[in-house]
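Same chain, two partners: chain A is paired with chain B first, then with chain C.
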Partner chain A sequence: MSKNNQGAKKILSFPQMGNYYIPVKYLFKHIFSCEIMSPPNITTKTIELGSKYSPEFVCTPFKYTLGTFIESLDRGANILVQAGGGCRYGYYSELQEQILKDLGYEFTFVNFVTAGNRNIKNILKEIRKFEPKFKKIRALYYLFITSKMIKYMDNIDHYIRENIGFEVEKDSFIKLNNRMLKDFSKVKSYYQLRKLYKSYFMKFRELKINKPENCLKVGIIGELYTVMEPFANYYLERELASYNIEIKRYTNAHYLVFEKAREVKKYLKYASEYIKYRMGADAHDNIGRTKYLCTHGFDGIIHIKSSFCTPEIGAMPIINKICKQYNVPVIYFSFDANTSEVGIKTRIEAFYDMIEMRREK
Partner chain B sequence: MDKIKIGIPRALHYYYLGNLWKNYFENINCEVIVSPPTNRDIINNGIKYANDEMCLALKIYLGHVAYLKDKCDYILVPRIDQYDVNNQTCTNFLAIYDIVKNLFDCKILNYNIDVKNKENDFVGLVEIGQVFGLSTSQAIRAYNKALDTANKIKNKDIIINTKKLETHNLKVLLVSHPYVIYDQYFGIPIIKMLKKFNVDIIYSDKFDDKRTNLLSTKISNTLYWKFSRDELGSIELVKNLIDGVIFISSFPCGPDSLANELAMRRIDLPYLNIIIDDIDALTGIETRIESFIDILDVKKQSRR
Partner chain C sequence: MKECYLGVDIGSISTKGVIIDNDNNIIKSLYIWTEGNPVEAVKRLISKLKANLPKSIVIKGIGTTGSARKLIGLMLDANIVKNEITAHAVGTLSRIPDARTILEIGGQDSKIILLDNGIITDYSMNTLCAAGTGSFLSSQAKRLGVDVEEFGELALKSENPVKIAARCTVFAESDLIHKAQIGYDKKDIIAGLCRSVVINYLNNVGKGKKIKGPIVFQGGVSKNKGVLKYFKEILHEDVIVDKDSHLMGALGIAILSKKYRTEKTYSLDINNISFETIGSECKGCANNCEVLKIYKDKVLIDSFGNKCPKGAVKS
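What follows is the complex of A and B.
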């Protein structure tokens, strides 16, 4: 294990979350001169490494990102990027830097979000640490393309989630999605990206599906990292799709970065009989969504979070109350480093049986 | 006419703002009922209402609200959002009002502390006074009087705490949220244990919070929780005068899990980390404290 990576070629790495490493890598590749390494895929080893060096009752995303950092450092990265904000996310970076330094690694740590708020001056200062010749205009252009790429990815994801449970040919959606992501990472201009997106969207529509009109519909809400990283929720969506269920999920990267500030007020107004104030992170959003899902004919709600996620724990009694009022079943999953996958499968199966039986009545 | 009865749960915010509230509501001619120190019944009640993953301090809070709900006209449940961008609070303080409102069927007096948007204790309490039929000037006068009294009590505490630093005894700094350490059921037994070993206990919250808040940046410069900042700053303030630090947190406290861990990695004083779970077994903690004090003793003697 080579721990001293300093002085050699600059290699930058970042935490893993879902498929979003593709746009992030695309952005960094075009605006930074150093080499970009995509984060290694999350495996059981990642989470083992992460939990070994994490504080006792920190929430699970901390463990995942720390584990990813250790793995990337072992593979030769020497610049690490972390960003976050909201609840505890904003404070991850300082402690993670300290833990990794205590372990003996040498690297530059770049923290894009401090104190939970984005500040352009700070970000530029952080970037200049490792990239003295940073070009702002060029960065803006690629930031624009990346934001659009994330938006398109999320739109496609949305379509996939609604229909993947009813695909005729097995894995056709996933295969096409992988091909699309591969093409996305090679685009040179916004125009090209948009053309690609439109053609792929047509291809997705042409994929054969066998969807009954009144299929079972389930909404997934919860803490953002667990919702967006399939390994962290033990491939819950794939599991649900195998039961021919249409899935609705709100949280995605585009929502968090561009829409959240605007939407929060709407959610607070919409669910005003239950909540008056923001409750931290996504908790108030989830309460608004619960009310929406309950009143729009969904058969069930699945609430997932990493264990010890404080904001979601606060929201849970209220979500419970709403679901009881509208008589919609809700199931809570709390994922930790050593949750058993079989246990989750059993619970999903039971939940599926229950909503199906309610339908038949 | 009967006096209006205001209930104040003896948990969470009470340990920060309790004196101000008590005096203010007495000044505006209300009857104040503070729930009794935490006991087994209150905890059991709290656990019944709470979600099983909630922080222990929040469970206790809900227990206190459950105790008060039939005994008074209003229960005071304020919400603390932030004092400024770098002084936010744990999300439990953000959510507490909505949790109580949804779990209990009772009348709630509520105000919001969000200093960035010009909402603070003064505005909130004066508005409550106006709802009770006071004129603005009357409410302001009552508030100022209450603030004076509360500040006097606080200054007295600070003086006592600082004086302890001058003695030659073994001195231990207790770094913990006041709602954990002054809680009858969890914190007080630990303090009693420490007193048995003849050490002087310095409390992290009984310092001038303006000073400790700024000093905390020396330990961690991106920390943004006010209460954690105040407490960690006190380590920096007195680090040359004390022999050791004891961290006490309730399980599973969000800010503490990160901030205390970082502080432990950065300070070069002997420390002990105690996490209080919902258990009655304090013997284990006693053994750990005993050995910790022994180590401090040996260290101190070898220095002489």
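What follows is the complex of A and C.
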């Protein structure tokens, strides 16, 4: 299955996660001279491909991103970009590169986080592998726009999550969001982006909702990839919204890239009776959030992770303890390629019944 | 005229039906095997329930629960379709209002429900594994050449249950063969199996849950006296088994259908209705969702299984 994409036109691709392919593609399109290919949507085939070539007990984000890489390579990509996280994900790039090379693919692998370390010098070195004439100043400008775009997207997402369960016209939020993302991807300047954001924010506020004063509120916490990629959590948020529940979720791209470093210290201080030091990835953040959700009138907490996610497994007993203490119900979901969708629906339905019954009493 | 409600619980192994009156008394009940065909099983169930039913009874509500609840809900035009966790809790609370813990072991799934003042406070269901469920026991019974109904009685006779490595159904089976081959008595092996079901359940589903009395044990496996004995022994508490413990899900959903009743009257003549399901694969994208179309009297009434609007079947 040797696929030689080398020598032909340079085509760059990257892993898929939620709607974030739009700002990422926007950034790359403006700072690199090569062609940028959007990663294909995640489907059952992606996870099948990913699982086939992954170590069995690796977590699902590895499998999803590997599957996406294979699909991108098959569509002609020859430069792949990967970035790491604060857990063993930080070491995934090297392994994925090796697996893909062993499969006979030829490509340039650009790894922004080497062995868990992120530094500018290294990133520049990696970029020059395929873009010798890389312009730093131009890149900084577009990086700024992209960061704002992500922030705006996340702000809108936040509003959507709070209100989508109460929309009067079916799918009105999703349709407007899709239109907004399409417009975002075409902006030329920061000024234009900001204007668009403001006008769309107004439009979102004008969408009719039928929201009762004290609706049920649920917080979603957990491992970042599973939280952010709807396919990986079996469209959990959509399912919850169908029960008219307001959803609160913290983890988003803006938080991870720009706020996390600052926020972590706050969380550690806020939940100091439960946790003293960092536990890797988002585990300590989630413990802090659990305390917040428990003390701010939320009816329940849903903790989701991919199977074998070590930091979250470490956080779960502490989350359990906090929830017991404040008497807030919590359920845990572990998703992997073989999760039964029916089982998830049954548990969510029972969870909804439970929090509703508690409200009635 | 007597107003009654029908509750149907369609599980993987067995299908249960009850008819209750306004005071939650069971007028008629039935427990049959699903045999892999929920539609046929429900037809059989209803025709048997219907037989000899007093003329004065009118059905004012139908509820469905269990793994085939959605399909059968459509077929019977139920006024409520609910998950088995809620149904079991409601059913149990109608009999034992102060219950704090419900241990439920069914054919393929097992669950634990914690209650406080009559509301569910916590629950969990087995996820990855079916060791410690009814099918595990029935497959082992077959291997040992014992009727699953006699299993409990035999287990009670044993004085030293054999320790069986029962983390996983398949490994338990090999350990069981090994124990039989080196000459352990059959009743000791059976007692060991019952004990391992309890241990597995508590380690798997009951992990991290505070089990408080009154404890109620239900589901098909609750009829097994051996398992009950080891639950009592290991939990050091009394465990209540209702005489209708195998019908609690159906009872619960019947009570819920009473709660959500409308003015509509239901007929139980479903034998003549043709009910068909046709599965097809959506070719819209690489997800290849399996879309199931449901026809009642040759008319498409619903479809499900699609992840996105692309796979929606228009009638």
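In this section, the second predicted complex is superposed on the first by the 359 of 361 C-alpha atoms of A that agree within 3 Å, B and C clash if a C-alpha of one lies under 4 Å from a C-alpha of the other, contacts with A are read in each partner's own complex, and residues count from 1 in each chain.
The rule is simple: contacts are C-beta pairs under 8 Å (C-beta built on N, C-alpha and C of every residue); 3 or more make two chains touch, one makes a residue touch a chain.
Everything numeric in this text was worked out from a predicted model, so none of it was measured.
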item	value
Clash-or-fit label for the pair chain B, chain C on chain A	fit
First (chain B), second (chain C), both or neither touched by A:281	first
Which of chain B and chain C A:257 touches, first, second, both or neither	neither
First, second, both or neither for A:342, with chain B first and chain C second	second
Partner chain in contact with A:88 - chain B first, chain C second, else both or neither	first
Which superposed partner A:140 touches (first chain B, second chain C, both, neither)	neither
Residue contacts with chain A in the superposition, chain B compared against chain C	B
First (chain B), second (chain C), both or neither touched by A:353	second
Chain B versus chain C as contact partner of A:124, first or second or both or neither	neither
First (chain B), second (chain C), both or neither touched by A:318	first
Where the C-alpha centre of chain A sits as vertex, the angle toward chain B and chain C in the overlay (nearest 10 degrees)	80
Touched partner set for A:103, first chain B, second chain C, both or neither	neither
Overlay on chain A, chain C to chain B nearest C-alpha distance, Å	7
Intersection of the chain A residues that touch chain B with those that touch chain C	317, 334
Contacting residues of chain C [partner chain A, same complex]	67, 82-86, 117-125, 127, 208, 285-288, 307
Touching residues (chain side chain A, partner chain C) in the complex	41, 43-46, 235, 317, 320, 327, 329, 331, 334, 342-343, 346-347, 349-350, 353-354, 357-358, 360-361
Residues of chain B that touch chain A when the two form their complex	50-51, 53-55, 79, 81, 85-86, 88, 90-92, 94-99, 101-103, 110, 112, 220-225, 251-255, 257-259, 261-262, 265-266, 275
Complex interface listing, chain A residues touching chain B	55-59, 62, 87-88, 90-95, 98-99, 102, 111, 114-117, 274-281, 283, 307-308, 310-311, 313-318, 321, 334
